[in-house]
Amino acid sequence: MIDIPAHVKLHDEQFALPYNFGGLLPEYTAFERSQVVILPIPYEQTTTYGSGTRDGPRALITASRNMELYDEELDAEVYQVGIHTLRELEPQASGPQAMLERIAEVTRELLRHGKFVVGLGGEHTVSAGLVRAFAERYAGLSVLQFDAHTDLRDSYHGTPFNHASVMRRVSELAPVVHVGIRSLSREEADWIKQRGSQLFYATQVLSTPDIATPITNALTDHVYITVCLDAFDPSIMPAVGTPEPGGLGWYDVLRIARRVAEHRHVVGFDVVELFPIPGNLAPDFLAAKLVYKLLGYRFHAGNPHSG
Amino acid sequence: MIDIPAHVKLHDEQFALPYNFGGLLPEYTAFERSQVVILPIPYEQTTTYGSGTRDGPRALITASRNMELYDEELDAEVYQVGIHTLRELEPQASGPQAMLERIAEVTRELLRHGKFVVGLGGEHTVSAGLVRAFAERYAGLSVLQFDAHTDLRDSYHGTPFNHASVMRRVSELAPVVHVGIRSLSREEADWIKQRGSQLFYATQVLSTPDIATPITNALTDHVYITVCLDAFDPSIMPAVGTPEPGGLGWYDVLRIARRVAEHRHVVGFDVVELFPIPGNLAPDFLAAKLVYKLLGYRFHAGNPHSG
Amino acid sequence: MIDIPAHVKLHDEQFALPYNFGGLLPEYTAFERSQVVILPIPYEQTTTYGSGTRDGPRALITASRNMELYDEELDAEVYQVGIHTLRELEPQASGPQAMLERIAEVTRELLRHGKFVVGLGGEHTVSAGLVRAFAERYAGLSVLQFDAHTDLRDSYHGTPFNHASVMRRVSELAPVVHVGIRSLSREEADWIKQRGSQLFYATQVLSTPDIATPITNALTDHVYITVCLDAFDPSIMPAVGTPEPGGLGWYDVLRIARRVAEHRHVVGFDVVELFPIPGNLAPDFLAAKLVYKLLGYRFHAGNPHSG
Amino acid sequence: MIDIPAHVKLHDEQFALPYNFGGLLPEYTAFERSQVVILPIPYEQTTTYGSGTRDGPRALITASRNMELYDEELDAEVYQVGIHTLRELEPQASGPQAMLERIAEVTRELLRHGKFVVGLGGEHTVSAGLVRAFAERYAGLSVLQFDAHTDLRDSYHGTPFNHASVMRRVSELAPVVHVGIRSLSREEADWIKQRGSQLFYATQVLSTPDIATPITNALTDHVYITVCLDAFDPSIMPAVGTPEPGGLGWYDVLRIARRVAEHRHVVGFDVVELFPIPGNLAPDFLAAKLVYKLLGYRFHAGNPHSG
Amino acid sequence: MIDIPAHVKLHDEQFALPYNFGGLLPEYTAFERSQVVILPIPYEQTTTYGSGTRDGPRALITASRNMELYDEELDAEVYQVGIHTLRELEPQASGPQAMLERIAEVTRELLRHGKFVVGLGGEHTVSAGLVRAFAERYAGLSVLQFDAHTDLRDSYHGTPFNHASVMRRVSELAPVVHVGIRSLSREEADWIKQRGSQLFYATQVLSTPDIATPITNALTDHVYITVCLDAFDPSIMPAVGTPEPGGLGWYDVLRIARRVAEHRHVVGFDVVELFPIPGNLAPDFLAAKLVYKLLGYRFHAGNPHSG
Amino acid sequence: MIDIPAHVKLHDEQFALPYNFGGLLPEYTAFERSQVVILPIPYEQTTTYGSGTRDGPRALITASRNMELYDEELDAEVYQVGIHTLRELEPQASGPQAMLERIAEVTRELLRHGKFVVGLGGEHTVSAGLVRAFAERYAGLSVLQFDAHTDLRDSYHGTPFNHASVMRRVSELAPVVHVGIRSLSREEADWIKQRGSQLFYATQVLSTPDIATPITNALTDHVYITVCLDAFDPSIMPAVGTPEPGGLGWYDVLRIARRVAEHRHVVGFDVVELFPIPGNLAPDFLAAKLVYKLLGYRFHAGNPHSG
C-alpha cells in the first residue's frame, strides 16, 4: 500500500505506519537490505482447550508498531539493521507433517540468502520446522528452550508432530537446554534423566542469582533460541494456552538471553504460543518487545558475532 | 458423576442437571434405551479467520440444559425417545483425512445399533465423515443442506477435506439440495449449472411463501439434513465464521424442516459451524433449540416414519 | 510485504492474502490501474459514550478479505476494476477543522487522478471533508444519506465539526436526502421543515414497497452516498454508537442503492460509524459486503455511467 | 454531584450530563415536581445459567443518557413531565420473600405520593413485589405481560418467589394477559387452559396484523404492564438469560403498547431481565427507548387518562 | 457419558477426557474407591459489584482437565488416591441459611463415608456450611484462612450469612488464623484485638522468610484450610470480586500450605471466590493447580497423617 | 438522586451507595465541608492504538465504591476529610488547546476555594492543564512523575498538546522528576541529559532499596504528583495503552509516595491513563486504592503539612 506513483501528491507521513514489525518505513524493510526477516506462522492444530495462537503473530506485530524503537539499555536503534516482515505463512491443512516441511523449506531459502530468521508462532509445533532448517545449516547447533513444559512427549493425539512433542522432535536434531520448566509428566522426567539433558526448573532460575552462567555453559557455540511464552509467569504473560503459575520474570529472561548472546553465536530464534486475550494488550506488547530485545542483544551486545 | 452407591444418602435432585443434551436425568439417557445419540465433534482445522467452532458442541449442549423440554407446537415431550450424549470425539491431529475416517467409523457403529445419529460440529468438514456412513447404510440417500455457501470448491489450502469443499465431497456420495445460499464463487456456480444441482437462493426462500414444497420435492425418500448455521440470518445467528447478510429466519427453516420431516424419511442430521460469541447466549440457544425441533419433527410430526 | 526479489524462491501463494480491501493480489491493486481507491479514515473525536469507530476501517478491511469476490446477483467479479487500498489516514490531533481539511486535500488529489473514492470511517464527521472535495468537482451534486439520525445540529461540544452536525455542514455544500431516520431533535425537525429537505423515515421505508423510486427522484444527476451504518436495524448492525431500534434491513438498503446506481451517476461514497464489537464478526462482514455491493452496482448494474 | 454553592464559579454545562434516566438536568428531576419515578431494582437470585440482570438497570440508565429526548412519533418532549430516578434498591440478602416485601413497601410509598412508578429489573421476580403494591391501590387491576415464557411454575429451586414462578404469584393478585409466549412446560400449558387465562403466542402476534385489538379487549380498565425483555426476538434483544428464537419485533410491541395506552389506563410498568452484553450497546439502548416510548404513550398518546 | 454397553465398539480413548477434576478416567473416580470428593458449590448471593463466582467451580474443573497430573515437586501422581467429582450442588433460592444447612448436610454425609472433602466456591459464604460439618466431626479444629479480607463483619445486607461475615460465623465454630490480610474495617480490627485472634498481614508474609513456622504454630492439630483466592496478588489472581493490590505470591502460599500439611492434620479444605474472566485462563488454571498441590501436600508430603 | 423530601418515607440506607469516590454518604461529600475535590476528566484524543481512557474515571470511581474506607496502615478513616466528586468534565471537541484551558480554569476555581484537587484521567495530556493552575498558585512547584515513558516529545500528530508531549509542556512550568521510566526515544534521552533532569529508571527503583530518599531529595518543597498508571508493572496494571514490561510494584510506589508526603508538601495529584479492561476489575481497583492511599499519606502521614 502507498505504492502510488510519484506524480500523485500523497505524502507518506500523512498515513499510518506501515503494518510490519516495528511499523518501519520502507527504507528499513526492503528484503535485500534487511539483515533480519520476520516469518509469521499462525499455525494451530485442532485442539480442545485454549485456542487462539493463530492470532498471535498478528497481535505481536500490531503491538510492535507502538514500541519505542530506541533501546536505552543498549543505546541503540536496533531496527537500523533492516527488518523485513513476510506475510503470514499459510497453514497446510493436509496435516502437520506437510506444514513442518513447508516451514523448513521457507526457512532454508531465507538462510540461503543470509537472513537472520525470526519465527513467530502459532503453536510451538512450528519450531520443529524451523530447527530442521537451522540444524542443516549449522553443524553442532544447540537449542535453548524457554518453556513451562518440556514438550517431550513422544506423540500426542495420533501424531508425533504436535505442541506437546515438539521438543522431542527438536532433540532428535540438536541437544536442548530446557529453562523455566515447572510441569512435566513422569515419562518426560524419566526421559530427561536417561538422556542426561540439561534442565533448569523455574524454581532454580528464580532462586539462583547467576543462573545465566550455567545455562550459557550448557550450550554449544551456535545457539537457536525457542521461547514458548508460557515460560514467563502468568502475571505478565497470561495469554498462553496452559498458563502455569510460578514462572519467570521479564528481567530473568532478559539476563539469560543477553548473556547467551554475548557468549554464544545466536543464529536465529522463535517466539511462540501467544494466544492474544481480547482487550489485554500487555502480553502482546511484552512479546513484541522481547523480539526486539533479542534482536538488540544479537546485533548490539558487544558479541564478536554481532553486527 | 453422581454414580455414588445407594447407601450414601445424597439426593440426585440436590445437584445440578447432568451435563448432556437437554440436561436429562439418567432414565432418559442410557445408551440402550435411547433412540437418539448426540455425537459432538469439536473438530476445527487450522484457519486464519474467525475461529472457535471447537467450542460449538459444548456451547450448544450447555444451552440445551436450559431449554424447555415440552414442545408446545407438537404438544410433545420429545426427550422421552431417549437421548444419549457421547463425550466429544477427539480430534485426529494427523490430518483431516484420518479425522473423517474416524467420524465415519463411529457413525457406522452407532447406525449398526439402530441409533438416530445427530452430529454437532465443529466445522462443516465433519459432515463428510457423517454422510459417508449414512450413504453406505441408506441407498438412494439425498442430502438437504441449509447453508449460506455452497462449499463446493474442489480443494482448499492444500486438501480436498475442508469446510469450503465439504459439500463437493458429500455430493460424490449423494445428491445435494442447497438451501439459503447467498455466496458462491463463479466456479461453484458453473459446477452447479453443469451438474444440474438443485439450489434455492436465500432471496428465493425469503420471497416464496411455499418454498418448502419444491424443496421437499427435490429430495429422495431418505434424507440426511446438514445445517450449517450460517444459513440463518446473522441477526439471529452471528456466531459463525462468515456471517453473510440476508439469510433465513427461524420460522423459514422450521417450516421447511417440518415439511421435509412429514413427507420424507429423515435418517439423521448435523448442526455445524457454531462459533460461540462469549457473552452472547442467543446463538447457542437457537442452535440447541433447532436440534430439539428437528428431533421433534422427526419423531412426532405425524410422519409414517416417526416413532 | 512479499516485495522480495525474484531470485528468492518464495512463492506468493504460500503466504496469506495481502492486507487490503478484498485481500486482492498485486495485479488488481496497483494505484495506476485501479479505478477504485479505498481511503480508510479511523478518525474519532473525544466523546463520552460508545467509542471504537477508530477500529472500524481495520475491521471492515479484515472482514473483506474473507468475502466471496464473485457477485452472483450481478454475475460479476467486481474487483477486476482494480481496487487500491491506501494506508489509514493519520488523525490530525490539533482539532476537527484541520482534520477535515486534510481529508478534503487527499480526496481532491485522488479525484484529480480520476479515481472513484470510497471513504471508510471513523466517525461520521469525516464525510464533511469528503463531500467538500466532491462538491468542488461535481457541480449540482446531491447527497444520499442513509442514517438513523439527521445529524443536523448546528454545533455540539463546542465545535461545528462533529458527528452530530456533519450533515448540517454537508447540507451547506449540497442538498441532502435523508433515508432511514428514526431519531431527531425538535430543532432538527423544524430545520428540515423550513428547508423543505427530503426525509424518508425508517417506518416509511419499511412500509412502502417501492420507496426506491421517490428517493431516486429526489436526487440530482450526480450523487454522493454516505452510509452511516446505524441506518440499518441493530439486529444486523449492532456495532454502532447509538443503535436505534426499528431500522432498515439489508435488502431494503440494497434495493434503494441499486436503483439509484441505475438511474443516477454515483460519484463516490463512504461507509462510516462502524464500532467493531470484539468477537462479533457479523457487522464487520456486513459493512465490507455493503462496500462491495455498492461498487458492484456502480460498475456493473447496467447504468450508462458504469464501466 | 455538582451540588456546589452558587459562589463557586463552575458552570453546570461544562460537566457531563447527570447520571439519571434521560440524563436530565435538575429542573426535570426534582422529586416533588416529577410525575414519574424510576425505581431501579438490580435484584438477582443465585442461579446457574446466564447471569447479569443485576447490571441491567445501570446499563439501561446509561444508555438512556444518549437517547434523543424528542419523540417524533408523538411530537413530544416526554421528559417534561418530570422524571425522578432513585438510587438502586439494595438487595435483601436474607431471601426473596424479604426482598419482595421491601419492593412492595417502597412502591406503596411512591404511589401514596401520586407518582407513576417504573420498575427496572433485575430479574423478573421483582414484578411480584411491584404488582403487590399496585393491586392494593387499583381494584380490578389487570396485568399485561410481554414475555417469551409464561413464568407460571408453582415453585422453583425451593422457593415460590422466583423468576420462573413470578407470574403465578402475580396471577394470584390480578388476571394476566400473556403476550409473545413461545416456551412453556406442559404443566403451565395445562394450568392456563384450566384457568382460562388469555395467552397470545409469538406466532399469533407475528401473523395477525391487528392483534393489538384482542389484546386490549382482554384487559380491564386499569392495566399494569410487565415487559420481560425476552419477549422480543433475540435478533434485537440477545441480552437476556434464555433468548428464545422467533420473538416479537420492535414495532410489534410498540403497536400493542400504544393501543393499550390509548384505550386503557396504564397505571405503571416495569422492564425486566436485561442482561447487558459487554460491548453490545444495542439491547441496552432498545430497553431505554422502550421505557421512554411507554412513558410517551402513557402521557401523550391522546388518552383521557394522560397528562 | 460413555456408559455404553460393551458390545458397542466405541473406544473410550477416542473421546475427550471426562468432565471431572483432573479429567480422570473411570478407574480413578468411582465413589467407593476415591479418598477425595470434590464438591462444587456455585453459590452466589445477589450482590451489586463484580459477579461471577457461580461460574467458578466449572472454570476450575475445566482448567484442571489440562493440568499435568504428575507433581514433580513431590514426585507423585496424586490422582491415584482417587478423586470423585460430584455434580454442582444446586443453590437453595429461599435464602442463605437454607443453603448453608444443605451444604453442611451433604458434607456430613461425605465425612461419614470417610471422604476427604474439597469444597469449590462460589462465594466465601459457603465455607460456613462446610466448616459446620467439619467442626462437628473434629473436636478442637482450627481454621487456616488465606484471604485479603478478614470477613468478620457481624452482618451485611440484612443477613448474618454473607461473604463479608463468613469468618465471623466460622470463628463461632473454631479458632481462625488469618493470613494475607490487607483490607479490613475498624470494627474488624477492633474485634480481632479483643479476641486475640492470630492475624498475619500480607506485608508480614511478604517480608518474613520463615512465616510458615509461626503460622503453623498458631494452629491446632486438626486444620481446615479455606482459601479465598483474593489472598493472592491480583497480578496472578485478578479473577476475584475485590482484588486488593499487594497480595501473596504462588510460592508464598505453597510454602505455608506444605509446612502446615507436614506438621498438622489437614482434614479438608475449600477454594472459593473464583470469578472467571472470559478469555483469561490463567486464574482458573492457578486455582485448579492449587487444589491439586494441596491434595499432593496432604497425601504425599511425608506427614504421618498422609496416605 | 435520593434528594426526596423528608415527608416521603424512603430510607436512604435501603438504596445503593451514592455514585461518588468512595461511595460516601452526603455528610462526607458536600462541597463546602470537603477538603478534597475529585475532578474526573475523561478526555482522550483521537489515536490509533489502545483506546479507552475515556472510561477510566468512571471505572476508577465505580471500583472505589467497594474499597474498604479504613486504612489499616495509617489507622485512619481518610474519607472523613470530606471528598466531593464532581461530574465528569466535558471534552472540548474543538481541540486539545481549548480543552487544556478549560481544565486549568476549573482547577483554578477549585484552588481558589482552598480545595485539594485530584484529577482523574483520561489521557496524560490533561496533566498539562492541571499543572498550569497549580504552578500559578504555588511558586517553586516541582512535579513528581511516575511513568514508564518520559512523554517529552516536542510535538506529536500535529499538536504540541498530546499524551506523548505532556511532560515537555509540564517541564516548561515546573521541574520534573521522572520515576519508573523504561522506554524513551533518543531525542528524549538527549533532552534529559542536556536539561540535567532527574530521571530514575524502573531498573534503578527495583534494585535500590532506599530509592525514596534520593527521589524526595530531588523535589522542591511544594510537589504535584502525576501518576501515569503505566509506571506500574503490567502484571498489576495491564489496563494502559502501552504496557511496558519490567515496571514498578505496588509497594515500590507506595513507599516513595509516603516518603514524599512525609517530607514535602504535596499540593495535589492526578492519576491518569486508566484504560479499563472489560471483565478485569483488578486495575480499576488498584487505581482507586492508589488515590485513597495518596490522600491518606497527604492527610494522615504525620507530615506538618497534613490535616
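Going by the order they are written in, the chains are A, B, C, D, E and F; count residues from 1 in each one.
Just so it is clear, contacts are C-beta pairs under 8 Å (C-beta built on N, C-alpha and C of every residue); 3 or more make two chains touch, one makes a residue touch a chain.
Small disclaimer: the values here were computed from a predicted structure and weren't measured.
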Message: Return the chains shared as contacts by subunit D and subunit E, ordered by label.
response: B, F
Copy pair subunit E, subunit F: interface residue numbering same or different (half cut): different
Message: Please identify which of B-E, B-C or D-E repeats the interface of D-F; the criterion is that more than half of the contact pairs agree.
response: B-E
- prompt: Using the average of all C-alpha atoms in each chain as its centre, how far is it in Å between subunit A and subunit F?
  reply: 37
- request: Could you tell me which residues belong to subunit A and also touch two or more other chains?
  value: 16, 42, 48, 88, 90, 233, 235-236, 278-280
Query: Considering every pair of chains, which are in touch?
result: A-B, A-C, A-E, A-F, B-C, B-D, B-E, C-D, C-F, D-E, D-F, E-F
Query: Of all residues in subunit C, which touch subunit B in the complex?
result: 16, 62, 65-70, 72, 77, 233, 235-236, 250-251, 279-282, 285-286, 289
Message: For the complex, give me every residue of subunit D touching subunit F.
response: 1-5, 8-10, 13-20, 30-32, 42, 84-90, 102, 106, 109, 113, 278-279
Complex contact set, residues of subunit C against subunit D: 48-50, 149, 182-186, 189, 201, 203, 206, 233-236, 238, 240-246, 277-280
Touching residues on subunit F, where the partner in the complex is subunit C: 42-48, 51-52, 54, 88, 90-99, 156-159, 161-162
